[in-house]
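Comments concern the structure below.
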Amino acid sequence: MGKLANSFHKIAALNQAMEYFQDGMTIMFGGFGGVGSPPALIGAILEKDLKELTLIGNDTGFPEIGIGKIVSRGMARKVIVSHIGSNPVAGKLMNEGLLEVEFSPQGTLAERIRAGGMGIGAILVDIGLDNEMVIQGKQQFILNGRDYLVEPALTAEVSIVYARKADPYGNLIYDKSARNTNPLVAMAGNYTIAEVEEIVPLGALNPEEIVTPGVFVDMVIPTCGVNWKWAWE
Amino acid sequence: MARRAALEISPGMVVNLGIGIPSLVPNFLPPDMHVMFHAENGITGMGATPHAGEEDEALCNAGGFPVTVVPGASYCDSATAFGMIRRGRVDLSILGSLQVSGKGDLANWIIPGKKVPGMGGAMELASKAKKLIVLMSHTDKAGNPKIVDECTLPLTSGRCVDLVITDLAVFKVSNQKLILIEHRNTSSVEEVAAKTGCTFEVQDNVKKVAY
Amino acid sequence: MGKLANSFHKIAALNQAMEYFQDGMTIMFGGFGGVGSPPALIGAILEKDLKELTLIGNDTGFPEIGIGKIVSRGMARKVIVSHIGSNPVAGKLMNEGLLEVEFSPQGTLAERIRAGGMGIGAILVDIGLDNEMVIQGKQQFILNGRDYLVEPALTAEVSIVYARKADPYGNLIYDKSARNTNPLVAMAGNYTIAEVEEIVPLGALNPEEIVTPGVFVDMVIPTCGVNWKWAWE
Amino acid sequence: MARRAALEISPGMVVNLGIGIPSLVPNFLPPDMHVMFHAENGITGMGATPHAGEEDEALCNAGGFPVTVVPGASYCDSATAFGMIRRGRVDLSILGSLQVSGKGDLANWIIPGKKVPGMGGAMELASKAKKLIVLMSHTDKAGNPKIVDECTLPLTSGRCVDLVITDLAVFKVSNQKLILIEHRNTSSVEEVAAKTGCTFEVQDNVKKVAY
């Protein structure tokens, strides 16, 4: 492999990644409306026909885009997301009682994921205090005379993210707005798998431009590219 | 409506636009106005919609549709994008809505029993943007007022709306009071009152406008 | 100014920046052991001979390096830092009762500053729970059966940071480990002033490499360069 | 001591080194070992000390001294650097200490009434690194044991030390029990016992080593 020596043993193939997935597990996924979600990993999860998953991420994508493909096929028991508006199948499953949905305000959700990645227990925010669905099951806390919700950190057994480039240490850079939740999700996984468009030699990435340090990344696999049709196409 | 909303934008502002009609607002701004359009997924400095065939699947707004960026733009993660909102660094948010109360309450996120899509980023934007403008039709498809005394739909956020722009009129909300400041020249204060579900004050110099 | 048109009215001179400083205020500063602290702003604060300041940042630098110059001259009433070990003058002032010192574990302090910048009320961490000095005056919270400290967010009236490059919108990139706390401090100021080595035209920075979006930066001033001698020199 | 500590480092590890003797550990590692040295100020992948005259004031370790970086290095802010520690992504932390108890308590941050420099990042490292090694002299300047039954100095963190390496011996701490696993070949179990302020078990195959 020459310069691309797998010196940290993180570069692997899709089938090796799939050994980390099983029924009933919690998976966190990067992406926002499907943009920046890892297509090969999602495809392989579909093929493995997993059951009773708990999925955590910004949204449930579209029925045939991003994580939506997994949700639409009923493979998830529960999702923790900020909205399911772009995936009517998720709404249908929820109404039929086949899918539990925990809604979290989008910015709160992003911070809960980051908190998980940073080893923080929870954050106190004042978003949604007057909203029944948000405060449901949450503890409140008064700090300096102001009310806050205690929003617990989120982590996952496996995190899956999509990046533009990786080096053999798993350092990641992203592509424009496909960055979105990926750097947060990458930190929150107990085991983090990055699907990337390009793997470059160690030292080829500028240390200044690295967004996700490889410290947080356990495995790097090459992508097959996005294999769905975008809503705007 | 989008044209009217554009008048509320000043140079240097950081502005977040909701999906639908609000997303048309930039079309009515002068060029070189140095406004930074912000997206929840992590873009500061969105520009025009790309020409057909020039879309980049990795460069989309929060609604998932292709955009471009202007000089001075930057990308960040979604947590930071919402940090800008929570910290009060977003000057203006322009959203659509299902209902608005005369006190400035916003209800735009669910219709119980019918549609429960989730709040997305609406709660942060509604409660933390320095100024919140609602753009919506004055009445719903059945002709019922969307500006009401008390919202019957669940609130997104209370006491947050600063300006309501409809196809008939413009109201400001000041100290939880609704004040008519403009109406369409093809309409009248009486028509606006008839189609509004709550009382409102009429500003002395209420303007008749064409838009 | 040609391409360097001051289109967002953020580029200014040092004397304009100084209008934002006054006795008794809270100032947050970027830097770590003096590395990455803004020399011109610190010099101007010294010259203005401010009193009763509250300073928030990683540490009190060295007696003649970074924020240490301000602390050593007794201009601060209180500091919130992770250590004062490299500034014996700060230790002397503390022991004499002339300087109040609030110690916060370094990572907790960094997150408290970030939380302030992100509009979060507080974070829950389990660092220092068995330490009297850390828990002093702090509330505790039990979440899922585990003890946490409630660590309040920190903000400041003015934040001062040091960066490698800025554009006219105030987008910032940093220089190697001089990045340290600067991106956090930049977000936490009610008014943030960036002292920079170079101001480049709008569009000259790659949107991918920008570390601090200009949204958080109110004023950009050019630096005179570091004007102190490093401990290792 | 630094040479002995280097033996605890395996390829691929993320390692944080305290100031003083711990900072010498990399000198005893084979080249190309693919270890990433981490600094609290935001460096992953520190390399050797630069040659005199080649120092970069913007590239320093957490102690403020010039370093270099290796291929694969990255910079981040200090919050993220500590996130790596709190999340358990730092495999090994090697720190100096004032006292260590036989149960693995660490006291390395203040001497009440004498020196109160603040904890810096020691609490996060001590309580959250996957493995914590203490490198210190076996006794203080007055000859008093630094390994004691109960720390008399305020704790940095309780029950966190995994291995203690001194100029005389190496102990592991297992289930809050101190176990002698090596001593210097110029010393003896008896000398170690005489200079240690608490009882300890002696591993069956205790090694005599030269280092």
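Going in written order, the chains are labelled A, B, C and D, and every chain counts its residues from 1.
The rule is short, and it goes like this: contacts are C-beta pairs under 8 Å (C-beta built on N, C-alpha and C of every residue); 3 or more make two chains touch, one makes a residue touch a chain.
Here the structure is a predicted model, which means the values were calculated and not measured.
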Contact steps required, at the very least, to link subunit B with subunit D come to 2
Considering A-D alongside A-B, which chain pair is linked by more C-beta pairs in contact?
A-B
Roughly how many whole angstrom separate the Cα centroids of subunit C and subunit D?
29
What is the distance, in whole Å, between the centres of subunit B and subunit C, each centre taken as the mean of its C-alpha atoms?
35
In subunit A, residues with contacts to at least two other chains:
111, 118-120, 125-126, 174, 176, 207-208
Touching at least 2 other chains, the residues of subunit D are 69, 75-76, 79, 82-83, 85-86, 128
Which word fits the touch map of the chains here: line, ring, star, complete or other?
other
Here the pairs of chains that touch are A-B, A-C, A-D, B-C, C-D
Applying the document's contact rule, which stretches of subunit A touch subunit D when the two form their complex?
7-9, 117-120, 167-169, 171, 187, 202-203, 205, 207-208, 210, 213-216
Which part of subunit B faces subunit A closely enough to touch in the complex?
39-43, 55-67, 69, 75-79, 81-83, 85-86, 110, 115-121, 123-124, 127-128, 154-158
Per the touch rule above, subunit C residues touching subunit D in the complex are 32-36, 58-59, 62, 81-86, 91, 94, 101, 103, 105-108, 110-111, 113-114, 125-128, 130-134, 164, 174-184, 211, 226, 230-232
Complex contact set, residues of subunit A against subunit C:
111, 115, 118-126, 139, 141, 143-144, 146, 148, 150, 152, 173-174, 176, 206-209
Within the complex, which stretch of subunit D touches subunit A?
12, 14, 32, 34, 36, 38, 44-45, 69, 71-76, 79-80, 82-90, 128
